[in-house]
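The following blocks contain the structures, represented as structure tokens.
One chain, chain A, appears in both complexes that follow, with chain B as partner in the first and chain C in the second.
Entry: the complex of A and B
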């Protein structure tokens, strides 16, 4: 008799594929229609500038990017939490869970497959939104650049200034730094999805999972403050309870502020590959820990 | 009971792994702050003003989106001439996006120009109140720009905005202060080369208006004049002409009129235009006398200056 392996990528990918199909059937991609409308509206929307400044063209592109990336971040965070929270209760309701677990499928494989399915769905959605953003942004940036160059030619701007304007507008167009921002959105969603999966393994209801995950999401944005307070700014007069609280927050919760390079990428700042790589490592660390802990509570759970 | 035990175990494991990730996260966070990739936390007052939703969105790394929406609100306040709300809006916007020059510049412009002129021309107010409010808003605009400069010390546009503000004779002209800001602008590494020459000329014009800086102004003007024919602008040439007279530069060291001006007719025209701006505190030593001489020589009755 062949021994059943503890961890099988093939098995995980089958469960992930099934989860992906299951989620697609929930018509989540309808959100993309809303995104298309949003992008079209944003690309035609003229911000009522009270004053035309040197960088008005760049500001228009920043607004377009911030609208699109705001929608991407919102979708991915909501879906990472709600989509993952629904998975185990849905499988229980459909009785799919019994069918799967009655077979020689290790529970870790089941959990990783579920998580991978959600992440694939988020990745596909982000890629589609990214493609649309890239097209719209490219067209708008080219249009603004052409208008600026025409204006410069009429006003007799020196070549050096024309080059500076070209570079400045291009930096607000389609760049790798923008893709780094979108990667950060995905990383953040990965952490949230694995956290929601962990909560759902011991939670009694979907609503409870969502509420706790959202609370942790908000606390996670204050982790950096707690860590800075603990490591750098504690004073003698501070109560012991406050010290313990900040230490607890800094140690237990993920630091979501680190993923806020999204704003920097919208502003057209350069995001080094080193920073992105370290962020990816941290994401893998969180996803790994939460998945193992989810397996710890799920491994002997009775249904 | 089992769940409670599991939760306790999970928290213990998270604490253990938390200790492992703490330094990594801290170093990454410090690097990101140093590279200005993540911004400092919002001030308490800003979160209150943003409201629950806005603060939540801003917290989630979408400050630029919230700032854009608040920029729209600021425009509505501008249309309604609600200067207090406009000021508050730009405080929120610049807290959200402290590195965006556009917001500092536009917010300050609304305060030191639009709001101050609004109060200056508001007939419903007493003259004393009008004047007080006008000055108050000019100072608010200046303070707003100064804060922008404090947060973006190498932003030449903000330094220049301050220099222009203190050099604006319709506001609170202070040439010494304006000169300081021009010098700060020129010291910025971000200043593009093609603007440098023009800004040095502006610094020279302001320097001529600062009492006691005339010798420095003359040295700078002379250097600019010798540096490039592009600097031979009517204003620079006329200032140099007047400074030579004011400082009683010895004949041997002076730039002759023929060197300064293309010809006598142009000299008369340029000096006449320069003389018409005598309320702008430029040095005017010997200008009137020279105009009279040239009028005699060139003989154009239309060139007579109105005194």
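Entry: the complex of A and C
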């Protein structure tokens, strides 16, 4: 007889593969059509003021990146919350959960499989959008660079200034820093998906899960500011208990300001590998905590 | 191919029961009252390997709750459930169980074949083993032709059959069926019952919950009657339904004279009393199945006749395709 371990990566991958197929067959990739339209609009639409300033070429590229990465962040957060919130209640409603849990499937494997399936979907979506952005951005950057060099040659700019302009425009094109920003979008979606998974293990409806997850998503964007403001406003200093309390709140409401490298990458700033690595560890920490809590809720749940 | 893997328990008294439920109590919190609702009240039963056990009772009597406790989907408030000696709350116990829930809905986006593959892989099967088992199961439930069709387009009977196939995909020793023929037409219902009888012959233990008493009577060799969460009667079906002080004799082609002589013999016998005489009746289900079979045969015969007549037409024998030649 087969022994069933506490945790089986093979079984998790089976559930993840199935979850991915399930979401794909729900035609979620149709959103790519919307993304393509957005990209085309952003790359062909010239702002009336776009060529007024000295760094107009960079501004155009920033607008293009900002549109694309805004859409990426929105779609990935949407998939992370709605996709995850939908899965467990749907399995319960359709009674497919009975047929799965009556097989030798540990509940942890089921949860992690579902989460991994959603994350694979988000990763594939981001890769497709990233590929499209890379192509469009490269073509647009080359075009703007050629125009700028031609303009510089006509106006007789010195070589040194031309090199500065070339570097400045290239930094707004396809760079590894941009890829780091897209990785941060994925990390943020990972946190949201694991949070939605946790909520769905105790919530009674998909709508409740989505609403609570969206609220936490928004709170997560200003939780650090609120905490700092509150801590500095304490005139008598901060006690140890209060610090623990604020740290606890920081766990429930993830601090999404830490993921601000997305904005930095859109602006073409350099992002160190150390920053990305720390963000990856932080994401693992959040996802780990939420998954363990989800398992604690789910392992004794009765159906 | 039938496999007789397990000896009937009569031959081996030391054998571990397939199902052992000990003083199972399950209570649910009541939303508006302090007291809790007791769905299962001190249920104890044992099912030996190779038996087909039917748990019968009205809706809300605690059948499904007992089943869910056995599957580890519910934790007992008190008592315990064991499957082949393993606590049902442990994942390993489910390696031995195949389960078909009442009105099963599978993932509509998957085809029948994909569904079986998914469940086979969940049970730890890989590669060629999955392929072979899926083929075997599709053949067993006669769904080879519908293997590529999405589950969303399956009829109720087909859903039950694919459900049975998924329950058996990992070759479990115990099959738990919750109302397996609910909502299925008589032909589909008959197919499912034939499958249960076949599984019994293979040595698979079956635990069946139903309120369709006639079907339970047909396939089960042990039954338990559950009412308000309590087992009120349990035992071998033959023992429970036999009327001990009566004897049934069925005679074919008996003349009225023979029947009169039999009655006279009974009248002369000491303590014997004539109770009833008449023609035994078939069931409505058997009548329906016979008629369906006859109509099927008739339709096939007429198809064959039509094909033969078309082939025999003089114009059709011309291979050059000129009917006027």
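Quick note on the criterion: the second predicted complex is superposed on the first by the 275 of 303 C-alpha atoms of A that agree within 3 Å, B and C clash if a C-alpha of one lies under 4 Å from a C-alpha of the other, contacts with A are read in each partner's own complex, and residues count from 1 in each chain.
Just so it is clear, a contact is a pair of C-beta atoms (placed from the backbone, for glycine too) under 8 Å apart; a residue touches a chain by one contact, two chains touch by 3 or more.
Every value quoted in this text rests on a predicted model; they were computed, and no experiment measured them.
Visitor: Is the arrangement of chain B and chain C around the shared chain A a clash or a fit after superposition?
Guide: With chain A aligned, chain B clears chain C, so fit.
Visitor: Touch check for A:14: first (chain B), second (chain C), both, or neither?
Guide: Once the two structures are laid over each other on A, A:14 reaches chain C alone.
Visitor: Just chain B (first), just chain C (second), both, or neither: which does A:98 touch?
Guide: second
Visitor: I'd like to know which partner A:225 touches here: chain B for first, chain C for second, both or neither.
Guide: Once the two structures are laid over each other on A, A:225 reaches chain B alone.
Visitor: Based on the superposed arrangement, let me know which partner A:261 touches: chain B (first), chain C (second), both, or neither?
Guide: first
Visitor: On the chain A superposition, what angle, as a multiple of 10 degrees, is formed at chain A by the C-alpha centres of chain B and chain C?
Guide: An angle of 170 degrees, rounded.
Visitor: Given the touch rule stated above, what does A:275 touch, chain B (first), chain C (second), both, or neither?
Guide: A:275: touches chain B, not chain C.
Visitor: Contact-wise, after the overlay, does A:233 reach chain B, chain C, both or neither (first, second, both, neither)?
Guide: A:233: touches no partner chain.
Visitor: Looking at chain A, does chain B or chain C touch a larger number of its residues?
Guide: More residues of chain A are touched by B.
Visitor: Quick one: minimum Cα-Cα distance, chain B versus chain C, in the superposed arrangement, integer Å.
Guide: In the combined three-chain model, chain B comes within 9 Å of chain C at the C-alpha level.
Visitor: Once the complexes are superposed, what residues of chain A are shared between the chain B interface and the chain C interface?
Guide: Touching chain B in the first complex and chain C in the second, no residue of chain A appears in both lists.
Visitor: Within their complex, state which residues of chain B touch chain A.
Guide: 3, 6-7, 9-11, 13-15, 17-19, 21-22, 24-26, 28-29, 31-32, 35-39, 41, 56-57, 59-65, 68, 71-72, 74-75, 78, 97, 99-102, 105-106, 109-110, 157, 192-194
Visitor: Enumerate the contact residues on chain A facing chain B in the complex.
Guide: For this pair, the touching residues of chain A are 47-51, 53-56, 58-59, 62-63, 65-67, 69-70, 73, 77, 158, 160-161, 164, 184, 188, 198, 202, 218, 221, 223-225, 227, 231, 248, 250-252, 255-264, 266-267, 269, 271-272, 275, 278-279, 282, 285, 289, 293, 296-297.
Visitor: Going by the contact rule at the top, pick out the chain A residues touching chain C in the complex.
Guide: Chain A residues touching chain C: 1-4, 8, 10-11, 14-15, 18, 21-22, 25-26, 94-96, 98-106, 300, 302-303.
Visitor: Mind pulling up the chain C residues that touch chain A in the complex?
Guide: 68, 71-75, 91-92, 94-97, 99, 101, 103-107, 109-110, 118-119, 121-124, 126, 163, 166-167, 170, 176
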